[in-house]
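These notes concern the structure reproduced below.
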Amino acid sequence: MKLTEIKAIFHNGLWKQNPGLVQLLGLCPLLAISNSAVNAISLGLATTLVMAMSSGAIAPIRSYVPNEIRIPVFVLIIAVLVTVVQYLMNAYMYGLFVVLGIFIPLIVTNCIVLARAESFASKNPPLASALDGMAMGLGLTAVLAVLGGVREIIGKGTLFSGIDLALGESTQSWVIHVIPDYHGFLLAILPPGAFIGLGLLIAGKNWLNLRAEAKQHSKPASTPMVGEAAQG
Amino acid sequence: MTDYLLIIIGTVFVNNIVMVKILGLCPFMGVSRKLETSLGMGAATTFVLTLSSGASYLISHYLLGPDLAYLTTLSFIVAIAGIVQFTEMVIKKTSPDLYQVLGIYLPLITTNCAVLGIPLLNVQANHNFIESLLFGFGGAVGFTMAMVLFAGMRERMEGADTPAIFKGTAIAMITAGLMSLAFMGFAGLVK
Amino acid sequence: MKRIARSTLQTAVNLAFFAVIGTAILAATFSLTHEAIENTIEAEKLKLISQIVPPSQYDNDILRDVKNVPADALLGTSAPTIAYIARLKEQPAAAIIEVVAREGYSGDIRLILAIRPNGELSGVRVLAHKETPGLGDYIDIGKSDWIKGFDGKSRITWGDAQWKVKKDGGQFDYMAGATITPRAVVKEVNQTLQYFALHRDELFAPTTVSAITTVTGDSK
Amino acid sequence: MISALWVMIALSVLLGIVLGYAAIRFKIEGNPLVEKIDAVLPQTQCGQCGYPGCKPYAEAIAKGESDINLCPPGGDEGIHKLADLLGVEYKPFGGDAQPKAKAVAFIDENTCIGCTLCIQACPVDAIVGAAKQMHTIIASECTGCELCLPPCPVDCISMDKIAEDISNWKWQHPVIIPIQAVA
Amino acid sequence: MRTLFSFHGGVHPPTHKAESTRTPIALAPIPSKLIIPLWQHVGNRSVPIVQVGERVLKGQKIGRPEGKLSSAVHASTSGTVSAIDMQLVAHHSGLPDLCVTLIPDGRDEWISHVGVDVTHTSHAELRHLLRKAGVVGLGGAVFPSDLKTDAHHHQIKTLVINGAECEPYITCDDLLMRERAQDILRGAELLRELLQAEEVLIGIEDNKPEAIAAMQLAVTQAGYRNMEVLCVPTVYPSGGAKQLIRILTGIEVAAGVRSTEMGVQCFNVATAYSAWRALAHGEPVLSRIITVTGNVREAQNFEVLIGTPLDELIALAGKQADTNRYIMGGPMMGIDLPSGTVSVTKATNCIIASSLKLFPPPAPVMPCIRCIRCADVCPADLQPQDLYWFAKSNNFGKAQEFNLADCIECGACAYVCPSNIPLVQYYRYAKSEIHERSVEKLAADKARERHEYRQFRIEREKTEKAERLAQKERDAAAAKASFEAGLAAAENAQQQTINEAIERAKVQAATAHALNTDALTQEQLAKIAEVDARRAKMRELAATAGADDEPPKS
Amino acid sequence: MFSSPFISQPSSVSQIMLRVLLALIPGIAFYVWYFGPAILVSLTLASITALVTEALMLKLRNRPIKPFISDNTALLTAWLLALSIPPLAPWWLIVVGTAFAIAVSKHLYGGLGSNPFNPAMIGYAVLIISFPAPMTHWITPHSVDGMSLNFAAQWSYIFSGMLPSGLTLDAVTMATPLDTLKTQLHLGQSVADIRDMPIFGRLAGHGSEMVAAGFALGGLYLLFTRIISWHLPVVYLGTLFAVAGLFHVLDPAHYVAPLFHWFSGAAMIGAFFILTDPVTSPTTQKGKIIFAAGAAVLTYLIRVFGGFPDGVAFATLLMNICVPLIDIYTQPKVFGKKGAGK
């Protein structure tokens, strides 16, 4: 694989076709679990793992699967991977497992996983597919992390609360109290806050895109020549 | 009887699957641009969800039992995928119009989290067969209702002077947020 | 017709093939993690129990020393639950019971209590509740220490008439604007103590490994 | 382990049978979507979309191989219609495709040598004429696709913009004069 | 006493009618030049039949009707044709259109004209005469009256004569009724005869007592039976044909339905008058009564020659210095005129000189707050706020679904809107976009069919060629004859479908063609004729050459 | 280019809104009379926040500020929001609520006329969900106990959270009558017992019933000036009366009389000022009737069986969601398509 290809895949996953902001897939965990940064990042990473593995696994076998059972076989593969992850978490990260709850098995039906399997892995070689799965997963994780962080700060005034669930008791002191003595704006950590937060993030992305576009358009106008003339 | 009624009210309004439980959002956002489309998608989902609730009850009680509980997710999702695929083929044949409208979203019912989420919640809550069916049906009706109402709002918002960066999905997302805020008003109606 | 049958069968075998592989992987994972999971769950339970009964106060295998507790109005339960019995040197140290306060502001509040043989509360914790965040959720240990107010109290400390929030003339604190929640909790804890008084001996009877004893039914 | 295998095999065989049967029983041919897309396209047959005509473009869209924003004659409106039809998000014109003002072709009679090359190029038979005779464009049939321009060896075909007059004049979207506070 | 009905909505703008009713109708002098538009009516533009430099007499036809839906145009006085060219006309677009410019010679010399005995002339003949005389609806719609008098085999019960004149400022019908009631009634009788209507109901708003009295008197004097003058409440737009029909008969005529289908027909009083003049006296429509009011020294009604330039007409009433623009028609439905050089047409019932004081510039436009005042006044029972919402966001499909077509553009909604939204402009915009789309759709369908036919033809040519080649081989192998027969049969079936397609294309092409030539300029018409001639020749050539690849349309 | 019509009735948005503001005055006057002037502080705070937010958003959206800021709608939103939250609420509460209402629920949608949700009610819902504690500390009316606060004390509580020494929050605030009713019923008391408590007056809460009457008075003014049509208030109050009446007749010990529901909480202000928001209510007559009846039923359900003491705000928002569909499915027949022309 060429470097440019890899770059393109990551640019796609992280920005251009970001699942959370652009494709609007995988929304449920994105919205439900993003009420704290730690939850958000943990689920994001679990999803990334599953996506990378499933895309990588589906790519080599795709040509042997007849069309009519394509989807059942794909979800079967995904489900196996998810269940494996679920059991590992259950055994070794129990606290997190309880918090993420039903959303771990629901990675199976996280639309973005199957969507990538269908639209990318079923057309590309294994390595690229695995990378694409990973990039998409990371894109989702990034949005999750931002959304989780913002919601946590506004909603509770803290950051990384519950980190001990993921990394063990000793990390309890890593929790940051961004705003001490804060009342807590509960809306932010309730479902409405999730929707509104994501809406604002999407708008923010639109804004950055628009600005980038405007810059591109105005470039020819601001050539050095003009600048010099203006100075002279 | 009232219990069953309460399950329906509970799943449709109080614990609306989209607005409160936050499941099934991708189709909720994706297929709600047009009223007709959302009605069609709602109908298809209701059918699949009710069916898969029943099927998953049978699977978990008669096929798996407590010993094989670790196969729950796997067996559910395989059954669901099968049901969806079957539905898709039937609709494609019998109603090309509906098929065209639902487009890429029909196969994606498989990945509507609600379709797996509800059977899993059924298992968690230890529902009996009828309760499972009602829970699935109520959840799907709630999903359809939320999506149809949302589609109505989105259609109206098309004419609004929305700021450019909010046009489209951003404002739709915020609307969904305010809808879910309103749905919090149902809190406590069914305990 | 034959064509249909053949292709149908082909599909079935195909799918079965993948299913077999998947199942095998899963089964392997399950058997590998099975034990670790059981251990984790037990550890979590012990951690919770240790909040209300310090580990130093018992020495038995508390998770195996259990009694079945049938549903009971005093406990607010509608299905049988399990009581764990703590013993120190074979002597009863505390009974740990899960109960439900049914009159919460927005639904049931699940509690776990540890009661010493003398009817004194060793500790109370909220397992799950749906009370309004920011208003009724101060019963949660994560939010405030209010729940610790039960420690060491018994029906001897205060008569039943005083097991009320201060606003209603009782002994328990509350936060202005949210009295429904503490009322429900206080009432349920008091009822559990009443239940304990009725069933004390059955709860503390020695447990044999072969037959888990059941505490007798409805106390009403 | 063994029972797990049996359960999953039973389940998947059952499903496989249902699906395998359905795949054949409910097979459908053709794609009604193409017709619907084609009905939205302007039928100018100009090929500016990069496909040899509207129908091929419609097929490409239906297959998901092509974007919906490539047909300049269809205009913004056309993209909106396609977006609605396919349930996807509207997007502005892609690449350098930009819609032009409507025009009809006009043959300069003095220069035309009657080579019939333009007749062969015109996708809608809007040019009449026989070999070595002067050719003429039936203005009412001409879609303005400009496909007849390149083949003409003497460059006698030009595109006339359709002028606005009372009969084809349209009301404009009211431009609200930016609200000024009237002092 | 007849019970009157009412319609939903309506508004009561200040009438401003008193200003122009103080003096009787005055005869406007012959102006220095007449600019007579050739397109003053609904339908196809009429075709000029005079040459530049030609001398014409008063009443001489200068434009002949083109096609069924069209009307004739006449010289309003005697004089010389000085130009046939594009001139600014009174139209919303502010664009020029084809006009005949006439320099009057001042002699006002009539072409020979005689009336007919209306009782002894066939209905068909009478209608033909109306068409020849250029009689069109003078109530504003300028629809050719000959077509309106044809009931298309429907039984007509009621003929409604519209004297409501509900728009503010306008008083031309009022004065016409006061001064020429008898001729109006004769015209009404004539129209009743043509339509075979049982009764004639004349509706006049109750703010015109003099006109009502005059008409009533005329009815009693003449002793018409089954003819009633009815006084209707003053509410805008009671003069809209549908609304007046509703008030007088209770019948509602839906959009897209001809009122004759429901047994009613409606004519304006001035139309009745001019119909009578045309048939009984042989006078084409050369002049009409026009109210000149607003910011003028002496508001008054004039009888004005069609084609009189606005400036000269205004001068008669006394132009004021602070006049900023003119409105043709009333303030609710009129047209903003681009300049004083445009001339009056058959549709001109009123000219309002405007000043900033009289018509202050519109207040700032605010967003719609959905207060539904507009819906409360809409006489068509529409939801103007929804139509606006859809029109604004170019959602034309929804606008159509919400019955945009039923909007009569009366402007009542915009009149009451607290947000000052130019609602009617939005509706007109949406309507014209919808119209254009339907035209484009037709064109696209036609193009598709032609393209498909062409592809089929090319395909066929290929197979034919291949076949010819194969034929030779097949000749040798005669044993395969049966196979060929099968092929021919298939070909036949195919041929049939092609023929059908060609037929369809022909029909469509014909209709589309008619649409397309609706509004061509003089030059365009000439060019088409030329091309047609050449094409005919070429077709001959092609036919002799034996080529069969001529396109399906001829 | 001008297009007809060239004349228009003299009326404007700001004038309509001004009249609605005026119509709120009787209710506010009673409020001050019974509960002290704290409400004036929150009205002022809300107004300032609303105007500042409105101006800021208009600037960000590149829209002219002057005509929009003077259309009075922001003030109206501010007042209605201020009237629906406890007057003693801390100052930041009202600032957050008003800013959210104007910025998110109004301007993100495109400002005046485009918002599908009632901004004031969004503000209220956000606050009661985010800050339930301060949102339940309602002021006790003067006449109920002697410990009412003077203006200075109210002022200092709003801005610093400090009460004069010797007073507890419990002493100067109380749950609203609706809330008290619910709590006491929960404790097993009967309606008759509860109504004997001093905080209740003849119809409903002492003092607050007069406030509601004041709003009804203003509402009648709006009806007579035809700023609102009768459909919404009449159907709303009628349905509320009918539903409450039904329950009351079936079980008077547990369900209060319908008039109590009319004069408690936000029922009156809701019927005349909130549901009637033209922007967020249906436009057709049939639609208005459905909207109002639905809102009434929801109000009752939430009040009596739900988790919030008052249901007006959530009922309004829930019905707001349905407005586009209601509008679509209740289109009146247009001229000529109504069948017989009678």
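Each chain gets a letter, A, B, C, D, E and F, in the order it is written, and its residues are counted from 1.
In this text, contacts are C-beta pairs under 8 Å (C-beta built on N, C-alpha and C of every residue); 3 or more make two chains touch, one makes a residue touch a chain.
Keep in mind it's a predicted model, so treat the numbers as computed, not measured.
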| item | value |
| --- | --- |
| Lowest number of touching-chain links that must be crossed from chain E to chain F | 1 |
| Both-way neighbours, i.e. chains that touch chain F and touch chain D | A, B, C, E |
| Set of chains whose contacts include both chain E and chain C | B, D, F |
| Centre-most chain [mean C-alpha coordinates] | B |
| Between the pairs A-C and A-D, the one where more C-beta pairs touch | A-C |
| Mean-CA-position distance for chain D and chain B (Å) | 37 |
| Averaged-CA centre spacing for the pair chain B and chain A, given as whole angstrom | 22 |
| Rounded Å distance, chain B centre to chain F centre (Cα mean) | 34 |
| Chain B and chain E: spacing of chain centres that average the CA atoms, whole Å | 55 |
| Where chain B touches two or more other chains, by residue | 30, 70-71, 74, 78, 82, 85, 89, 155-156, 161, 163, 166, 169, 171, 174, 178, 181, 184, 187-188 |
| Of all residues in chain A, the ones touching two or more other chains | 68-69, 72, 76, 79-80, 83, 87, 184, 186-187, 190, 192, 196 |
| Residue list for chain D, restricted to those that touch at least two other chains | 4, 7-8, 11-12, 15-16, 19-20, 22-23, 174, 179-181 |
| Chain D residues touching chain B - in the complex, by the definition given at the top | 3-4, 7-8, 10-12, 15, 18-19, 22-23, 26-28, 32-33, 36, 84, 86-87, 89 |
| Residue ranges of chain B in contact with chain C within the complex | 70-71, 74, 78, 187-188, 191 |
| In the complex with chain F, residue positions of chain A that touch it | 183-187, 190, 192, 196 |
| Chain F - residues contacting chain C, complex | 130-133, 136-137, 168-170, 173, 175, 183, 186-187, 307 |
| Of all residues in chain F, those that touch chain E in their complex | 1-9, 11-13, 15-16, 67-68, 71, 73, 110-114, 278-279, 281, 283-284, 327, 331-338, 341-342 |
